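To keep things simple, chains are lettered A, B, C and D as they appear, and every chain counts its residues starting from 1.
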Amino acid sequence: MSHSDATTTVSELRQLIADFVAERDWSQFHSPKNVSMALAIEAAELMEHFQWLTTEASRRIADDRERLAAVGEELADVVGYSFALANELGIDLSSAIRAKMIKNAEKYPADQYRGRFGPEDGG
Amino acid sequence: MSHSDATTTVSELRQLIADFVAERDWSQFHSPKNVSMALAIEAAELMEHFQWLTTEASRRIADDRERLAAVGEELADVVGYSFALANELGIDLSSAIRAKMIKNAEKYPADQYRGRFGPEDGG
Amino acid sequence: MSHSDATTTVSELRQLIADFVAERDWSQFHSPKNVSMALAIEAAELMEHFQWLTTEASRRIADDRERLAAVGEELADVVGYSFALANELGIDLSSAIRAKMIKNAEKYPADQYRGRFGPEDGG
Amino acid sequence: MSHSDATTTVSELRQLIADFVAERDWSQFHSPKNVSMALAIEAAELMEHFQWLTTEASRRIADDRERLAAVGEELADVVGYSFALANELGIDLSSAIRAKMIKNAEKYPADQYRGRFGPEDGG
């Protein structure tokens, strides 16, 4: 429980990644360019689990314990490299995400975009 | 300060994304398949900032206030969709990342991999 | 007609790309690492057209003249960078594709994989 | 020789892919959405070969027979799926590439962009 998302700060997880990199002296390989590639590669490996499924079938992964664990592992890689990049560049993610969500809320006002992405998607 | 990574839990950020999606009734579009695509697309947009730079030059982005902000915004998108996927599938990210880092530590023992990725990269 | 796939060799298209790069002296930026990133970024831009569609709806793009043209343009970018990478590394694509398709045919014998990707997908 | 890029038309390679798909009745899985995902995944696997290399070191892959063959195989997958998508959507690639290169030449006039991507990259 003390290890769940409810009680874990973003910094704690970032530190986990920072320690792992420091213990191996891997910062030399962790240029932002390289880490951005690693991140994109992990995102593709995550996508691989859903590649040939219909959108509906992809929801049922939540009920398949084994595949869900595999997806969780790929997602951990994606977020791990996101934290590694934030570490290398000194970006505060909580601020960045909050700022971006404010921008998104202005771009997609809830009352205009409820149930659709744009005028052309509406009923 | 109360908004920084040091004091923000993963759940707080996940809730931010969950609320945004719920207010727009966008969960219907957020099948794991679709969200994994969105994530990979944002990862590519992040990579775009480093595409034509040398690995060394990519480190200097940290000193360019404007580009750093742009990179931070793309990274926010990547992490935001990661949280959206965790929300749809009910994955606890803190547990998943901790479990994956233990696996990584076993795969890459610090004493064997210090300063290199494999035997062939060593001196 | 003399410009269609039926009468155009792969080399002719590769030369088009090679000339474009040479005229701008861009080979210096076209390291395989950089071109592989450019290729992945274009692949993501292509994917963007299908991101929020169901698999079935994505087929109907073929009937939407305007979107089809936009997709064709992204696909041209993907294949263009593929040719650029083949140019930089001196890879003969026709040989590589023929060799890979022989390997694929051995991995997925037609009589075993008709209508399914694996035993678990079958009826 | 009769199998090289110099003597192979784009249509011949596209037909190779079309036959492979038809023999397995896989067109049902080849919605443009799915194929665009497969393409992006293969592009990421290609990128994996260059992920931790400097841009300069990535050029030396051309001299490493074994890695070059592996890269060629991934590139074959990327181009193979590009052809599969063109087949599903009925896009003539030679026309699309020629049209896009004319557009690119207008966007990046050779005399203005020689040796650089933009004014800010120049000397």
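In this text, a contact is a pair of C-beta atoms (placed from the backbone, for glycine too) under 8 Å apart; a residue touches a chain by one contact, two chains touch by 3 or more.
Fair warning: this is a prediction, and the values are worked out from it, not measured in the lab.
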Interface residue overlap between copies chain A and chain D, same or different (over half shared): same
Selected from A-B, B-C or A-D, interface repeating C-D by over half of its contact pairs: A-B
Chain A and chain B, separation of their C-alpha mean positions in angstrom: 4
Centre-of-Cα separation between chain D and chain B, whole angstrom: 27
Overlap residues in chain C, where contacts from two or more other chains coincide: 29, 34, 37, 40, 43-44, 47, 50, 52, 54-55, 117
Chain C to chain A touching residues, read off their complex: 37, 40, 52, 54-55, 117
Of chain C, residues touching chain B in the complex: 29, 34, 37-38, 40-41, 43-45, 47-48, 50-52
Residue numbers on chain B that touch chain A, as the complex places them: 3-14, 16-17, 20, 23-26, 28-29, 31-34, 36-37, 39-40, 43-44, 46-47, 49-50, 53-56, 58-59, 61-62, 68, 71-73, 75-80, 82, 85-86, 88-101, 103-105, 108, 110, 113-115, 117
